[in-house]
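So, here come the structures, one by one.
There are two complexes below, and they share chain A, which is joined by chain B in the first and by chain C in the second.
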Partner chain A sequence: MASNLTAQTPNSNKTNTQDSTLLESNLTFEIPVLLNPYMQDSTFLFNCKMSYKDQNISGYLGLKYTDATNFRFSVTTGMGNTMIELEWKDGEFIKHYIPADLDRKIIIKKLKADFEFLFLYGYANGHWTNNAEIKKKRHGYLTYFNDFELPISITDSGCSGKKKRSLSFGYDEKNQLATVELKHFNFASTIQLSILE
Partner chain B sequence: MNKYIVLLAGILLSWGIQAQDLAPAKNPEQVKNTFLKMNASMNSFESSFRQTKEFSFMDRSLISTGQLYYQKTEKLRWEYKEPNQYILLMNGEKVRLIEDGKEKAYSVGVQQIFKNIKEVFIGCINGEILNSADYDMQCFENETMLQVKLIPKDEKLKEYIQSISIFMEKGKNQMSYLVLKDGSGDPTKIEFLESKINQAIASDVFTSF
Partner chain C sequence: MSQLLPDFYSISKIEKPSEGNFEVEIKLHADAAVYQGHFPGMPIAPGACLTQMTKEVANTILEKELMLKEAHQIKFLATVNPNETPRLNLSLSLTQADEGYSLKCVAKHEAKSYFKISGKLA
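Then we have the complex of A and B:
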């Protein structure tokens, strides 16, 4: 598993020991580095559970993650049929596959917002600060990291300060990404991912 | 010397790949009839299966295994055991999904997918799909294999299934594997392993979880 680091912050006093490029450099002082858990590998297979009100869908999610702004994934049923396949590439949002029944503006808008949050789109480049809220486009993001500079929770609040949704990350004993959960506070909707063994 | 070994390996590999390819059948009707004869002789079918779902954008596949039971004419139990447990019970028009031991309600969109799955899977096993006017059929063969490829005519159905290919080893009167291309174009291969044909299957297999 290659660890390609994309995010740094001057606000943390911790040193990340997973950054081999840092250890090999000639720097004589410690630079804190906050890690994006999706950069632990280039591809992931997850168990995926999505719920919206009383509707539940279980299946799988295949993800190819190049960097914080370039990734592609598809969600399949338990039987392997693709339900949606979306990509973020060089600033462009691409719908590779979505059935006509689901291809509605309001659904796409919600899916896009949720998956951008879930996969940390546009959030990783230098803006991760432990236990402090950062403001971005009328949102406030409060993030907590563990001792290995990996995020354990991110809460997204609107401009009024009211919590809108949160992300929780779980890791295995080797600090590899194991689970991710996105939860909405203003309506019953969740996306749960767990690494497929 | 190494260059020659690599070249030789390349030639052998490409020859191997070509040998696997199936060409359009010289007598498509005969190929279709071979499949229909196989379907007609099958009253029940039980098999373990291995399913490989490919993703076009990454080099990892999703592999599932399980057990399939079929009883003529419309009873099917499609049971996934790994990596997750799902049971799809089909009995006539009814399609039920059991997940984690509980029967699940599902959305209209998913219902449509299951309806298509039912039509395709049962149709492939009982042969009805080969005579369906809803699909264009192409037949292929090589020295060892026969293939029937079905392409939905209905644009709505094509959104969910681009094509279905049924493969049969020549001289063996049973399906070897299916390849389904879903709406995204990604292929899913379902290989049937350790199959039993026309052996008694307990009736509760199609009703109980």
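Then we have the complex of A and C:
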């Protein structure tokens, strides 16, 4: 798959499918390019389950985009306590709240990578591309779409080609985003989100 | 009995089917201030408010001002959206224990369970 991809910038979110032009060796192909499912709306409220080995956390995850690359989210428990509140703003990662026990460099790095993969990946050009492997910063992202041209899985492989993480999407009968699952292949950690209606 | 969030709920009915057991019907108010933040456009009753409500209902029945001193189990089994679930039925069991009361509560609406709380009031 070609590495040089030009696509339209995100705009009205009114349609799922848009055209783009793939340029390679002076040849032009038309391929379907789709909007990031998170960008169909600016705010989301998910039921959230996060697990690491035998540790589980469940609660609510509220997510708000201000534009394609800036967003803020918080995870709260069923009781209402804030567990995590993080923001991505103009390329900067801001910790609004994180418990002292989790405020360690290695954990922050993992959380940052996971939530970037969950909510930020695909913002390049504002689109997701069907059956394409995109190379970016020593990662390879392989995407698959369903019959309705909605993304159903994205697999993140490291520079060695070994699978590291995957995102799986589920949709309701109206083809609206319903569930998202992030799963690690190299250690037992998952994040499961389901939209609250 | 005083309510910490007076606009959060009201008690519609209290029945006593047997000694120490009570069936309480609660009306949840969807326009309560807490739903402006939890969450905007998607009201969900916070677990802390449901726990406080359970304690206040128990205090109303006992006609005392007790505190939830110990919580052995607090489980939120389903989200409580006051628009979809405006009424909850609390099945409370209150038995006198050392220096207080043992509390068991299951909140249901029709066949669905929403939360379970057990602990000690003192």
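The rule is short, and it goes like this: the second predicted complex is superposed on the first by the 154 of 197 C-alpha atoms of A that agree within 3 Å, B and C clash if a C-alpha of one lies under 4 Å from a C-alpha of the other, contacts with A are read in each partner's own complex, and residues count from 1 in each chain.
One rule holds for everything that comes next: a residue touches a chain if its C-beta (ideal position, glycine included) is under 8 Å from a C-beta of that chain, and two chains touch if they have at least 3 such contacts.
A quick note: this is a predicted structure, and the numbers were derived from the prediction, not measured.
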- Message: Should chain B and chain C be called a clash or a fit once both complexes are overlaid on chain A?
- Response: clash
- chain B or chain C: which reaches more residues on chain A? B
- Message: Contact-wise, after the overlay, does A:D101 reach chain B, chain C, both or neither (first, second, both, neither)?
- Response: first
- Query: When the two structures are overlaid on chain A, which partner does A:T43 contact: first (chain B), second (chain C), both, or neither?
  - Reply: both
- Figure out whether A:L196 sits in contact with chain B (first) or chain C (second), or with both, or with neither. both
- Message: Just checking: does A:E116 make contact with chain B only, chain C only, both, or neither of them? Give me first, second, both or neither.
- Response: neither
- Now for A:N56: first (chain B), second (chain C), both, or neither, which partner does it touch? first
- Looking at the overlay, what does A:G80 touch: chain B (first), chain C (second), both, or neither? both
- Touching A:E133 in the superposition: chain B (first), chain C (second), both, neither? neither
- Query: Looking at the overlay, does A:E181 come into contact with chain B only (first), chain C only (second), both, or neither?
  - Reply: neither
- Just which bits of chain A does chain B share with chain C as contact spots? 43, 45, 47, 60, 62, 76-81, 196
- Can you list the residues on chain A that touch chain B in the complex? 43, 45, 47, 54-58, 60, 62-64, 72, 74, 76-83, 85, 87, 96-97, 99-102, 196-197
- In the complex, chain A residues that touch chain C: 43, 45, 47, 60, 62, 76-81, 196
- Message: Which residues of chain B touch chain A once you look at their complex with the stated criterion?
- Response: 51, 53, 55, 57-60, 62, 64, 78, 80, 83-84, 86, 88, 99, 104-110, 112-113, 117, 156, 159-160, 182-186, 188
- Item | Residues on chain C engaged by chain A in the complex (per definition of touch) | 38-42, 44, 46-49, 51, 74, 76, 79
